[in-house]
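Okay, got some structures for you below.
You will see chain A twice below: alongside chain B first, and alongside chain C after that.
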Partner chain A sequence: MSEFVFATAQYESGDWDSAPLLPANVIDSIARYTSIEVAPTGVIVPLSSPSLFRYPLVYLTGHLPVRFSDAERANLRQFAARGGLLFVDDHNHDIDGTFHKTATEELTRVYGGLKPLPKTHPLYQAFFVFEDGPPTTSHELNGWGDNLVHKTLSGVEREGRLVLLFSNKDYSSEWNYHPENKRFLSVDNTRFSVNIVVYALTR
Partner chain B sequence: MSARDRLIGLQRSMRLAVATRAATIGITVFLAALVLVRMSGAPRWAMGVAALVAAVATALFLLRLRGMASLPRVALWVEERTPSLRYALVTVAEGVKDPRLETQALSAPWWADASRTLLRSLVAPLLALLVTGGIAVWSHSAFAPTFSNEPTLATAAASMDVLATVHVAVTPPAYAGRAAMSTDDPTSVDALIGSVITVSGSGDARLLTAEADSSPRAVAQRGAGWSVSLAMPARPALLHLHSSAGRDRLIVLAPAMDAVPVVTLIAPSRDTIVRRASGVLALNAEVRDDIGLRDASFELVISSGGGESFTFRTTTLARTVFASRTEATLATRLSLDSLALKPGDLLQVRAVARDGNTVTGPGVGASETRSIRVARPDEYDSLSVEAAPPPDEDAQVLSQRMLINLTEALVRRQRQLVRPMLVAESRRIASDQQRLRKRVGDVIFQRIGAQPLAEEGSEESRGGKLTPEELLRLADSVTGGAGAVMDVEGDETPILALNKPLLEAFNAMWDAGRALEIGEPRNALPPMRVALAAIERARVAERIYLRGRTKGAIVDVARVRLSGKDKGTPPLRETRLPHDPVSRRRAEAFERVTPLMATHPDAAADSLLLMRVDALGDAPALAAALDDAAKALRKHDQHGIALAWTRVRRALGGAPRVRAGISSWSGAP
Partner chain C sequence: MPSRADVRHAAEIALRAVLLATLVLALWRSLRQSPSASRVIAARTETLDRDTRRALHSSEVSGVDVELSAPPTAAQRDALVALRRNSISIHWRGEVPGIALEVIRRREPAGGATITVIGAGSAPLVLSDSAGLIDTVRAGAVSVDVGTLVGAVSATRLTTLASARTPKTTPRRAVLVLGQPDWEEKFVQAALGEAGWQVRARVPVAPGVVVRDDGLLPIDTARYDAVVVLDSSASDLSPAITRFVQQGGGLVVSGGALGIPALRALTPAAAGDRRPGRILLASDTVSPSDLPFRPLLVREDAATLERHVAGVALAVRRVGLGRALAVGYDESWRWRMLGGFSGLAEHRDWWSRVIAAVAPERADTSAAGADAAPRAALIDALGPPSGAASETPRVPEDRLPAILLGIVILAELAETASRRFRGVR
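This part shows the complex of A and B:
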């Protein structure tokens, strides 16, 4: 069994690398809480590249408008058909923001309509149990973005499993810190990332 | 004299003898008791007991007077010693009058024998009194230090309260101009050196001794109280008051230093080398003192000559007297022409201020020294001769706005001027325009890391106006192909974006300068205004803050899972630096004081004050904490004691202590 490699999607428009420390933090949590074999560093994979299919979970974020190229759209459709999970996080945490509007538009073209995930979704029990749904981040009410607490995540399911997970909760800001600083937190705020990884690897 | 008369006389003598004997014995008993008390060091109340015993002995002996109350009993006492009288005297004493009895009663000289008997009875008591008195006098001199100044119970009682309340008055030196202060029961007195400190209290001055730094001080009697006066010493000292009742009082004398004046030379602001020493040099300084300034002045030292022959001139300028002000400004203007400086001369300027300290001063403060040197002609080729920075008004002359104003004025006068004069004035403005263009060019080329433009005379080699492409090529040549690196999308490189307004001004100034050179000031005005607008845009241009990329993190998975191999090199904790001997001694002394806090708070306070005297010189924070601790102890303020103890421990720095055994609160050493 090969080790899990955390992949960050590189797309031609926008700022795809706005959360450079998030992969290390997620990898640290996987190593800390699970026995999953995990690579010590993440990789950057172009959305238009066939190498996208090597990774069961791909993370995509940004602040700026998103416009997928034809190759990227085609690759994403293939990725979804093969069972890959694309986790998209709005770094602006703004439902009126440019990233949200353009990314949901593009994703709808590729995946179809996004639907909110109920609190009882298996994602929230995949490893840690989150009875209230997605954990709130400290950035949602920081005065920027839409300044809303987003109660649900949304996504697209195919054959009973998620192929697209979309978040406006700005986990990209919440988890974008050096893993060595995790010791200063009374409660690790990256635990939900373990659920996403475990869900992607087991469903 | 009849026998009855002689008998009455004997009765009186006997009464006198008994009373004298009783008194002598009483005094002897008292003196003996006094000697015993002195020699044994018994408490003072033993004196009272001795006086009581003496009084009882005297009273017992006086009881014998009852036997002499009646005349017949005196006669019987005589008949007992002179049997030949055959009771004739007793019969006469009972009032019987018979010539034969009278003759019989006077037949023997019994009155003489009786007198001798009475006198003999006084010899022994008087001898005892003399011996006891002699011993008492000897013991008085031998044991005087123990009992000096307390001969009575009344004074002994008074000595108990002689240090009950200690009042301290501080009169600062006259130059300070400060009011006198007073306080009761201080642990410490902080005052300027030379302040008169008067410590006073109630009670007899003879019951008190005073020492300051182990030197005895006179204790004077002031009315019903005592008083000690001394001047605040230059170093911390301890005033030790000791009462004869065995009570001690320590007061720390903490001298406050009068700082010397702080002088800051504002102008001239830097050292300068000039070709020619002429004009006026503005001198400006600020002076400041903690108590009061007396005067300040500028000092000039002019050194001339060279080789082994130098001459010096020293002079003082603008001496100003300040009436104890704490802050002042000193300003004057110096005509360099009046100094007649020659090439090679060196002028050194500094400001000097004195404070009004008449006790340990005056304190003298001086500013930095600035030097102005006149360059020698033979060193022009090896020396960078730089002029002093022009004042602000001169710098403004070079502004583009001023050049526009000058050009507009020339245009208005254009018709009244002949052509050669117009060209001459126009070229003068062109020269200034060229200098300003060079400064703008320096800014541009310094930004891209290139050398500034060449000297004014060789500027033409640049070829006049620069296009953005030429500027980019210039930047490439400087940075070694930076253009490839900066191959970003967009219409221009960051270098051009940064310099575009200034480059526009640079080129517009070129156009303006060309028009002015050929005597066409009217044609020069439009490009001059363009240049001004471009400079304004550059001033308000958006600043760009470059942000570095975040360094990636590589997770050490094995370490996170606590499954990695132990490399055997755990991070070593830095050992704390051992205390220096002085700090260690203080820490140890404080640890010795701590147990006294509960049992003998006064002794603990005194020990802290001794430590404070030691710490005042080099550890002011510790000294302040010790003073607070001593005050809290004197007031029995438990909360204050806890806080002060913590402060002292912090000030001591937490000395690492090695204990012999396991500490009482845990198993850790």
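This part shows the complex of A and C:
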């Protein structure tokens, strides 16, 4: 049995490392709630590198405009074809922002059109149950960006499995804190990250 | 000196005598049943139908001597067998080329079939089905994989035709994957699903929390073709799995699951010490020989299906009505993800073949038919060819009945004409 390694995508444009504390927080939640064997630290994997295929779940975020290189696009196409899942989170939580516009444009070139995920999608029942779909974040209505609650996530499925999950919820801000500080929360706001990992490992 | 009328009267009496004698001879001949009157028909390929019919309807034929220039059809062969069972000796000679044809339907859901043809001689063999030409192959043993077959399959060389029907397909049942949440469990599910298998899974993700498909239990042959056990998380289902295999289900045991004590009685091999996979550089691609590996220690009653440089990688054995297969590779998902452009398809097809090797077959997947090997069928039915012409005395075709009939007609006409000329009725 190989342990799960949380991988953050490094891409040539933009600020790929804008949520440096998120991996440790997600890893903490995986270890806290599940019996999944998880590596204690995450890795950073360049999108254009063959090493991408060692990590079938990869997290990508940023604030700035995204423009993939040809090698990154080619790698991502193969990554999707082989069943890898790319989780992209808009650190701006703004559908009118530059990250959203450029990232969706790039992802559409690679994956095809993104479609909203219904609230009944298995992702929302993979571990914790989120009957109303994706959990909202405190950053969606804080005056930054479009000041909207984004009701759905979107994605692309192949063979009945998600190969791309796209979020404007700004989980990158929501989960970007030291795991020790979870004790100050009445409800752990990283629970949805467990669903993403469990979904990726079991579907 | 006798008058002309006396001569004529005497001639009429003689003609009548000849007529009566001929009739008596014909009657005697028809009633006579002696061995010396039996005869052997000399038949050829072109006249075989007519000659076998004649032999069938004549009580005087004691044998048929067949000179073949092409293999007889199944109906002709059956007719000859029927004659032989009716105490008529059958001898055959001639050059009947040996061709054997077999069609085996693949057990994977994707279907398709493998045609194997064996033919001596240098002339090409033409393989075809009802839809048309499939391939032209040279002599020797050749296997051809075909995705879709329409109607019967035939192999033709000059005048020799071997044909086999297309075997039936079996509707496949689900495959149950049991494993902990990791990439191996995910990509085994993915590979089997992409190969057309209906996949169900049970994945325990936390104490008391299991990701599972609805209607997972009971594990029986009415629901599942095979169960894949990837690690020790399936220990609690060992009794059900044992019962399933005994009843005819297939079992694939891989990785840490080879150490489950309750499954050891089923598995065809024990696992040796785990060897790490090859250390990869960034641009390296992965093949099965690079994967982490547990060399299999194969039981005496098991068969080895695949070898790795470090030992046996796949072994299978029969258990009750079912089959159990052990896999020595660990983390096969790396083959799919890091195996280059072909890794995905190779990993998918490999896992599909592994399941097909243990999945029960509910219909005959191999079809040959009576004409799949014409020469072998001929020898099986009639014995080997005669070295020379039959020793049984052969006579030309019997013309005596026709001669006797001619004599009767001529004598009767002559006598009647003579009497009419005399004015006597």
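The rule is short, and it goes like this: the second predicted complex is superposed on the first by the 203 of 203 C-alpha atoms of A that agree within 3 Å, B and C clash if a C-alpha of one lies under 4 Å from a C-alpha of the other, contacts with A are read in each partner's own complex, and residues count from 1 in each chain.
Just so it is clear, a contact is a pair of C-beta atoms (placed from the backbone, for glycine too) under 8 Å apart; a residue touches a chain by one contact, two chains touch by 3 or more.
Only a predicted model underlies this, so the values are computations on that prediction, with no experimental measurement involved.
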Q) When the two structures are laid over each other on chain A, do chain B and chain C clash or fit? A) fit
Q: With the two complexes superposed on chain A, say which partner A:198 touches: chain B (first), chain C (second), both, or neither.
A: second
Q) What is the contact status of A:27 with respect to chain B (first) and chain C (second): first, second, both, or neither? A) first
Q.
According to the stated criteria, A:119 is in contact with first (chain B), second (chain C), both, or neither; which is it?
A. neither
Q: Go through the superposed model and pick first if A:151 touches only chain B, second if only chain C, both, or neither.
A: neither
(Q) After the superposition on A, what does A:109 contact: first (chain B), second (chain C), both or neither? (A) neither
Q) Is A:77 touching the first partner chain B, the second partner chain C, both, or neither of them? A) neither
Q) In the superposed arrangement, which partner chain does A:54 touch: chain B (first), chain C (second), both, or neither? A) second
**Q.** Residues of chain A touched, compared between chain B and chain C (which is higher)
**A.** C
(Q) Quick check on the superposed model: minimum Cα to Cα separation from chain B to chain C, whole Å please. (A) 12
Q) So which bits of chain A does chain B touch that chain C touches too? A) none
Q | Contacting residues of chain A [partner chain B, same complex] | A | 20-21, 24-25, 27-28, 31-32, 38, 40-41, 178-180
Q: Flag every residue of chain B that touches chain A in the complex, lowest number first.
A: 549-550, 552-557, 560-561
Q | Of all residues in chain A, those that touch chain C in their complex | A | 1-4, 33-37, 49-51, 53-54, 56, 78, 81-84, 126-127, 159-161, 198, 200-203
**Q.** Partner chain A, residues of chain C touching it in the complex
**A.** 180-187, 189-190, 193-194, 201, 203-207, 209, 211, 231, 255-256, 282-284, 331, 333-334, 336-338, 341, 343-344
